[in-house]
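Beneath this line is the structure, given in structure tokens, with notes to follow.
For clarity, chains are labelled A, B and C in written order, and residue numbers in each chain start from 1.
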Amino acid sequence: MRRASLPAVVVVLACVIVLAAGPLVLPPFYVRVGQLMLYSAGLALAWTILGGFAGYASFGHAAFIGVGAFAAGLVELQLSGLPPALQLAIGLVAGALACAVLSAAVAYPILRLRGTFFAIAMLGVSHVCAELNNNIDFFQGSLGLNFPPVAPVSVEPETFFYELYLAAGLVVLTIAWWIQRSRFGAGLLSIREDEDTARMLGVPTERYKRMAFVVSAVLTGLLGVIYAHSLGYITTDSVYRDDTNLDLIVYSMLGGMGTLFGPVVGAFVLVFVIQVVLARLLDFHLFATGLLLVIIVLAAPGGILGLVRDFWARRRRDAAMPAE
Amino acid sequence: MSASSILRVDRLSKSFRGLKAISDVSFAIDPGSITSIIGPNGAGKSTLFNLITGYLAPNSGEVHFSGRSITGLATNRIAGLGIARAFQIARPFRDLSVFENVRIGALFGKSGPRDVTATTARALELAGIAHLADRSAGALTVGQLRHLEVARAIATRADLLLADEPCAGLNPTETAAMIDVLRRIRASGVTVVLVEHDMPSVMEVSDRLLVLDAGSLIADGPPHDVASDAHVIAAYLGTPDSSASPSLSR
Amino acid sequence: MNLVAQTIVDGLVLGGIYALAAVGFSLIFGVLHVINLSHGVLVLIGAYLALVFSQTLHVDPLLTIPLVMVVLFAIGYVYQRFLIQYTVGRTPLGSMLLTFGVALMLQNVMIWLFSPDMKNITPTYAFASFHLAGLAFDAVRVSALVASLVLLCCLAFLLKFSALGRVIRATAQQTLAARLCGVNVRHVYALTFAVSAAFAGAAGIVIGIILPFSPADEALWTLNAFVVVVLGGVGSPAGALLGGLLLGIANTLTAQYVGPAFPNVTMFLLLVLLLLVRPNGLLGNAFSASR
């Protein structure tokens, strides 16, 4: 396993400290934007474990947000007497378990598909989950589900969830970082590059794909549980969202598909642009996201990090040129 | 046929819809040798490799590797037992560096990840591409890609390397470099079996030649014996009175 | 018994329309190997154009079909030649995301122009119905079905017998060989897309007279098209018809016997199941026959 470089760790820790101080200095609107940025970054990282590292781009990860959220909510409904922290903890476990079971079951058939077929099949899975959630009364999808308030009394809910998202995002980042540097991660990379050759070289491709799928699903589900608590009340449409399905791909594409920090950068940038820059222009959100997607595909397939990398490569090449 | 042959093929046959691609082929490979399989086009050389590595299942016959039967096993299982294959059409991991490409072989090869960096470095040395370690695989020439294929294959700590026309399309300098690599691999203890068309190189480097023609083994022995075998000459050039050969009276 | 028959007939009627709505998507997938996620948006553009034309020109909406098809042909050609072409041949994800981006943009434009509310195109014979062999038929749906079948036949005819159809099929089967024979592949791709867009637009009109529509429906029609293609086969009107009919019947049977809210679940389940079992559809890929 390759060592993480010390400067990188220091930079990340510094960023975390700066981000953690956010709610102390920012007005409530920006704290909420910050929540969304951190939540989206966490989701993007969870997605990229399967999509960016292994190359299996899923168009339906919102399924796990929904499954995680509703599993947690339904379980917590039965626990109304317990202290809020415990309720949240149990909810997280319930959400994680539900996602683990669903993803493990779906993984066997669905990972036999490749490329676009896999992407669309996942979209299908997401919609099936959403429809079942909405139409089967037990899930209370159309009725809606209430979540107990879990923020400690002494802390503003806004701040509490901000820090919770930050902590969760850090956990996901650490896991993704660890995976990327491990033998498992090298295997995923080889699967992305050329799955058949990887198998020939001895990579246990089927097992690795399934592992990546389940890890990605569980982490997504955990974030979904936090999201549901921050909303307080959810219906099917609040969590099983097609725009989320799309956004998850855009974050990684915008930041740099296949990289570790690309999805984080992409999430931060996209959320900031939509929520802050275009705040007054609600009617433009679809248009702006679509335009951004078109521009990235045509002009910057390596995303922001790809552009940065090309820039530095060109600088280095120019510097190495002998003086004419 | 020594009792400790590393690869033994017994009466192997494969038909495709009535056409006998491989017909009753038997041979045994000594460990630590370089054996070349030659023959006219369409003789079944690639089919033979596919049968040995599990891409195709034989209709009859057996394949044994280091004493155990591998007939009918899945390709990746056979790869895990210590047989590596280097393909003519290289399939590198394009976005990774040469080092990272070969490292995958070392990470997942036979008997698990051991001394990964050392194994990778050694494989790069043997294949003669240590100086390209940091170059992106997508930027290599065809010749360099062949070396990468071989490096990645031997990084899996394989005991047997099956090389599919490693010199195809290479110029004389590149061909000589590739032959050198195969010699170094033999010297490191790995057995090499190759399919090749480049006769001078084959004669120079092989300990033994197997000649296939129309699915059957028509010669098996040291290079010079095989080269002067009448059947072999007939297979490649035709017999003097056959209608396929050019007539001087035309 | 009568209820089952009625349900199946309703499903077939709906299915014919689904087929038309999917055939353009199928053609693009088969010829350009592009998954056009803006297909649904093109269908809706057809519907909105028909709404506008039929109101301003005071004609029956079905009569606006030729005009709408011409407009969408032009849009499709330009869209493919100057945008999608850059993603052809690269990773499939690229063209998917590009067309998805365009779909979002066009969806937003439609919301600006027409508002997000549901709209309807009501032809003059909107509430007529007739009976045949004990089964009820709604006049609007039947004329929509007839229009769909006629258009599907036209497309099949175009592909099989016209020079353009031959060039499209040749390019789809062996692109390099077509190039070597002097075919301007980019132009052919653009023409194929233009044809696909034209038929998508026509489908929009047919849909618009039987169902209420809004800009948000675009994703559903794209997914519908995908399911039809996966069911019936890639690249041929026959495949689209087969897939469409199967989907239509599945839809009405589910709505009748499981519950009115469940047809979408069936559609997605069918999609996932078929992708696993036979991703190229029951009739397979019409353009790979020679491989």
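Heads up, the rule we're going with is that contacts are C-beta pairs under 8 Å (C-beta built on N, C-alpha and C of every residue); 3 or more make two chains touch, one makes a residue touch a chain.
Predicted model, so just to flag it, every value in this text is computed and none were measured.
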item: Centroid-based (C-alpha) most distant chain relative to chain A; value: B
item: Per-chain Cα centre nearest the global Cα centre, belonging to chain; value: A
item: Interchain centroid distance [CA atoms averaged], chain A/chain B, Å; value: 45
item: Chain B and chain C, separation of their C-alpha mean positions in angstrom; value: 51
item: Chain A-chain C separation of Cα centroids, rounded to whole Å; value: 33
item: Residue numbers on chain A that touch chain C, as the complex places them; value: 57, 109-110, 112-113, 115-117, 119-121, 123-125, 127-128, 131-132, 134-135, 242, 246, 249-250, 253, 283-287, 289-294, 296-298, 301
item: Residues of chain B that touch chain A when the two form their complex; value: 75-76, 79-80, 85, 91-96, 100, 103-105, 107-110, 113, 152, 156
item: Chain C to chain A touching residues, read off their complex; value: 35, 83, 86-87, 90-94, 96-98, 100-109, 111-112, 219, 223, 226, 259, 261-262, 264-265, 268-269, 271-272, 275-276, 279
item: Of chain A, residues touching chain B in the complex; value: 183, 186-187, 189-190, 193-194, 196-204, 258
